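Presented below are the structures under discussion, each in the form of structure tokens.
Next, two complexes with subunit A in common: one pairs it with subunit B, the other with subunit C.
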Partner chain A sequence: MQHIGSRSQRKSVTQKLSWWAQLGHALDRRERTLPSLLLVPVLLFFIIWNIIPTLWMVGLSFYNYSMISGRPARFIGITNFADILVDNSVWLSFSKTLIWVFSTVAIETALGLLLGLLFWGSAKLPGRRLALTMIFAPMMITPVAASIFFRLMYDPTFGVISWVISLLTGQAAPNLLGDRLTAFGAALAVDVWIWTPFMILITLAALGSVPRAELEAAQIDKLSWIKKFRYVILPNGKFILMLGILLRTIDSFKTMDLIFSLTRGGPGNTTELIAIVLYRKAFEAFNLGWASALAVILLLTAIAFTSIYLFILNRKQAEEA
Partner chain B sequence: MTQGRTRLYHLLLWVIALIFFSPILWIALASFKTKDQILATPPLFVFPPTLANYTDFFSRQNVGEYFVNSFLISIVAVLIAILVSFLASYCFSRFQPRGTSFMMFILLSIRMVPAAATVVPIFLMYSAFSWKDSWPALVLFYAMFSIPFSVWILKGFIDGVSRRYDETALVNGGSRLHVMFKVVLPQVRPGLIAAFIFNLIFVWNEFLVNFIIGGKTTTMIPTALMIGVANNLGTDWTFVATLTTLYILPPIIAIFFFQKYLLVGMTFGTVRGEV
Partner chain C sequence: MAEIRLDKLRKAFGETVVAVNDITITFPTSAVTCLLGPSGCGKTTLMRIIAGLETPTSGEVYFDNERVTTKSPAERNIGMVFQYPVVYKGINVYRNIELPLLEDKLDAAERDRRIKDVAEVLGLQDVLYRNVSGLDNATLQKIAVGRAVARQPKIILFDEPITNVDVNSRVQLKAALKRLSKQHNQTIIYVTHDQTEAMTLADEIALMKDGVIVQRDNPRRLYNYPNDVFGGWFLGNPGMNFVQYEVNGGAELGGPLFRKPVRFENRGGDRTVSVGIRPEYVQIHPQVAPDAAEGKLLRKSIVVGGQYLLAIQLGEHTIKAKVAPEIGEVVGESVWVECPLEAITLFGEDGAKIETELKPA
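Let's look at the complex of A and B:
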């Protein structure tokens, strides 16, 4: 305040009004252009790395274009989309993806809730930070690395898991990833290992949002565990749990790296989730027109998921306001 | 609880932690085994450790290059992303230009798109412009890859800083840039740290894009791992185990030290709190 005051005092009283006006104008000018200036970099990134490639892809989805045939792209209208909709293998992998999403999310949520509740009272655990780091480690490492651990452990000749199974059953060690019957379940188990920690984290966050007073009241009323969960924990924590489950659903739908490095969709097509179909069409068959059409469909699915997520988030914020 | 029951409870928690960690321990153990020990049946739990894999590892030519690529590409990309995102999220938070919520929605959508669907358009554009295997092109892609997350986190944190600070500083004759970088920035430091650490981990872990649009000079570790595993001559297990062990170390160390940011980091900044 000091120097503004002294500056205005130096100017004559008759100029005082114009000084205020000047300042206002200067601010106005800045206020009008500054916001747009701040957005220039992010918009540049957005246009070059999102809008242009996406429009390109949407355009290409109406063409018959294969990179290996060497023929120029030919406009075929919505034929690619029509092909996808009547393609049995696409529907098959869509249903596989749905089964995958449903089972991973269900198992991980159940396990996460259970372990999260178990870890709730762990504040005095010696070496808690290290223990939590060990639990959360699976979700922080790349799925490619995770798949390597399990390829080593599932290996029919020297894998430790196969060895244990053969000890328990008394039969020859199974080839878990190579067998049509077990490959899907074996891949599922890896996903559960990676992402259960996420649901533990979410559960702990949800439990942390329960007000202490309500818990103490439940303690005094001697509520049973089930009632405590149903009437105290769930009403307070359900919003965080919902966000967590939804995020997990979206990520499970996206699963790609893990399957790609575990089985490449095999054996046969037993683990071929929709993202793997897209990958194979685009980068193994180089049928980019068809692949673009499928990518457009997945893009729209993702936008739908996002809308649901934001709907829940905004409703909660509106409730709080 | 009695003391005995508390001990038992703590023991149980540690056993669970060890179960979750055991696959990682197993690969770390494998990196100290000889090739025959890794391939032994039944699997060896006790063995004389060897450091041969590590000495062999560091004598390989390309390996250093993969690590340098992974480190530099992720750090440069994330720094660019955070600067760009800070400017944008300050604008979104304070000026709320028309379309702010739409922009935030689109940014979140980018995060929700399956990687295979993201990489197709990027592949089309990068092949057409011959940007494949180019350092700057890959860095800038990863910057864009990190922007949605950073904007969401930073906007949340800037929203939490009262506008009074901005107003006071402006009245005192500070410029907008002064307000942004000297007044607001220091107060959102936890947000900056969370955005930095988690984007670093995400880029460090990213595989598909590097695999598709990278090349000889821009190979990062996951791509090297995939190539090492899917080798025609069979998997070179000693090399793969050593590379994996070294590769997963930084993210694990990071979550040990930055555990309180884990929740913000894994939920796009939409859930706050600590575990």
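Let's look at the complex of A and C:
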């Protein structure tokens, strides 16, 4: 009797176990499907608006396709790429773009650091908050709007900037955007005006990531400002700073709307950055195959930038770990 | 050599929190003073005010009669070691210790000598030229200590420096701190909540509670004769036994602690007094002994050093006693408890010590 009893007991235990196990598996499956299901809308969005157009563009870059010729697209292999690589005007634009990227990022980073440090150091200054809000305003204005009012300010007949310059130099008001010598610099200044606040923000974030004790130790150890920056602020804040620089680099590389509404690439081709060339080919000449090929090259360049950056970042992190 | 004098120092955060409440104290030159107290008693705030990292709400700080209350930390010329090891990243240990020295305009040979000196005391020779990243917490804290010490400031502040260091390295670091503190006759303030640390390092301990310094004394006296119930309770492991007596202004104590009545001078006319005795001073007899009160053994456990900790019921009170292994091993259910009069401190209704001598009636 005892023997049978113990066996039936064992059986019911296994039954119970398997029932729980089954429920567990069911929950497991649900736990895996639900998150995937919730991801579907965003994935769909991403595929429709990002992946498909990109693939489409890559495909198009191997075709000779002009929207106005009325002829069907014709596969021409890498002819578009070959054409671009031997095109002097593309190389010229490309080098201008590199100068543009380098100058904007360098100036914006330097100014951003300087102003960021000033704001950070003046935590108790009255009106600091208001000043911060005001300084961030340019970043929130669309570049096209900013360009339009800068075009007005640069205007030789009634622009305020031109007027001030003529007052200072005692000469006739310059046409800054219309002069081959000054147009690039004038456009650069607008970009700096718009994007320096971003680097201020990044600088403040980087400074916020510096542990308080380290700053206090530096104070007590009587470290000079330069040493404090070099040994306390930079080691702690460099990843955020570098992220800001990367974002600015990628963004600056794509600059188009700002230039387009300021100078349309002119005078001549003085301010014709690579994105302007791309736009012209695609939407003024409607040579979509060629434009796609250029876009693919730019995409690869941007990916290369990012990879180099990530490589450096990872290596530094690995060193520190 | 610098003496630190605090005058009616007060620091309030907001309206309700008073971290430091009217503290007037002088930290003597060339001595290690520990600020000891439970978490949140204001000891760190007090130290930060001395360092200049916090501005007092009112009161003054003097270094050798020079008012420094409004001076910046850099102007105060002090060294400080924080609770979390602070090192300058991306450079080696040597350079870390060297950085503050560079600001002091010392020549290269002197800098090198000082760095090598502290490295030796702290046992950092092997890692001296290694990058600080990848070193463990204990080593990082040693670097921080070295950095503070190598500059040879007149005042060094330690804010719980070994709390975040593993147990084995603690002993080593403590020994190094002790050696360093004797080397340059500096005035050292050491904040801690660990009584063992305070007892081993301090020339004097300032016991803090709720923003005030309850007692400042050498470790031995502070331990044996606390001014206040708090000192008796906070120090020792476990803390002092307290047994309350209703005396109603009288001056005689009897059971349960004493078999024969004991007299004291009740000048304040307290109605209740607390008899305080440290567990290690309570004498336990396994057999009937003259002048000992009978109690019941409730619990027995072994503590560090092989001693036994006993919980004994005595009347309606439970008192703890720490006894030698020979006694601990043989005690039965009934024990006889004797409290030597010289080991007893009496506290009044307000918790303050009553200055009196206990005598058999």
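By our rule, the second predicted complex is superposed on the first by the 279 of 321 C-alpha atoms of A that agree within 3 Å, B and C clash if a C-alpha of one lies under 4 Å from a C-alpha of the other, contacts with A are read in each partner's own complex, and residues count from 1 in each chain.
Here is the rule we use: contacts are C-beta pairs under 8 Å (C-beta built on N, C-alpha and C of every residue); 3 or more make two chains touch, one makes a residue touch a chain.
Remember, it's a predicted structure, so these values are computed and weren't measured experimentally.
Aligning the two structures on subunit A places subunit B and subunit C side by side, free of any clash.
Of the two partner chains placed around the shared chain by superposition, neither subunit B nor subunit C is touched by A:G70.
Applying the stated contact rule after C-alpha superposition, one finds that A:N236 touches subunit C and leaves subunit B untouched. When subunit B and subunit C are set side by side, the one touching more residues of subunit A is B.
Judged by the touch definition given at the top, the superposed model places A:K227 against subunit C, while subunit B stays out of reach.
Of the two partner chains, subunit C is the only one touched by A:E214; subunit B is not. Of the two partner chains placed around the shared chain by superposition, neither subunit B nor subunit C is touched by A:G170.
Annotation: superposed on chain A, subunit B and subunit C show a minimal Cα-Cα gap of 9 Å. Across the superposed pair, subunit B and subunit C touch subunit A at no common residue. Those residues of subunit A that touch subunit B in the complex are listed here as 1, 3-4, 30-31, 34-36, 38-39, 41-42, 45-46, 48-50, 52-54, 56-57, 60, 115, 118-119, 121-122, 124-127, 129-146, 148-153, 157-160, 163, 193, 196-198, 201-202, 204-205, 208-209, 240, 243-244, 247, 250, 253-254, 256-257, 260-261, 274-276, 278-279, 282-283, 288, 291-292, 294-295, 298-299, 302-303, 305-307, 309-310, 313.
Against subunit A, the residues of subunit C that register as touching in their complex are 51, 53, 72-74, 77-80, 82-84, 86, 88-91, 99-100, 102-104, 133-134, 144, 147, 151. Across the interface of their complex, subunit A is touched by residues 6, 9-10, 12-14, 16-18, 20-21, 23-24, 26-27, 30, 38-43, 83-85, 87-88, 90-91, 95, 97, 105-106, 108-110, 112-117, 119-125, 140-141, 143-144, 147, 151, 171-173, 176, 201, 204-208, 212, 222, 225-226, 229, 235, 237, 240-241, 244, 247-248, 251-252, 254-256, 259, 262-263, 266-268, 270-271, 273-275 of subunit B.
Residues 211, 213-214, 216-224, 227, 231-232, 235-236, 319-321 of subunit A are the ones touching subunit C in the complex.
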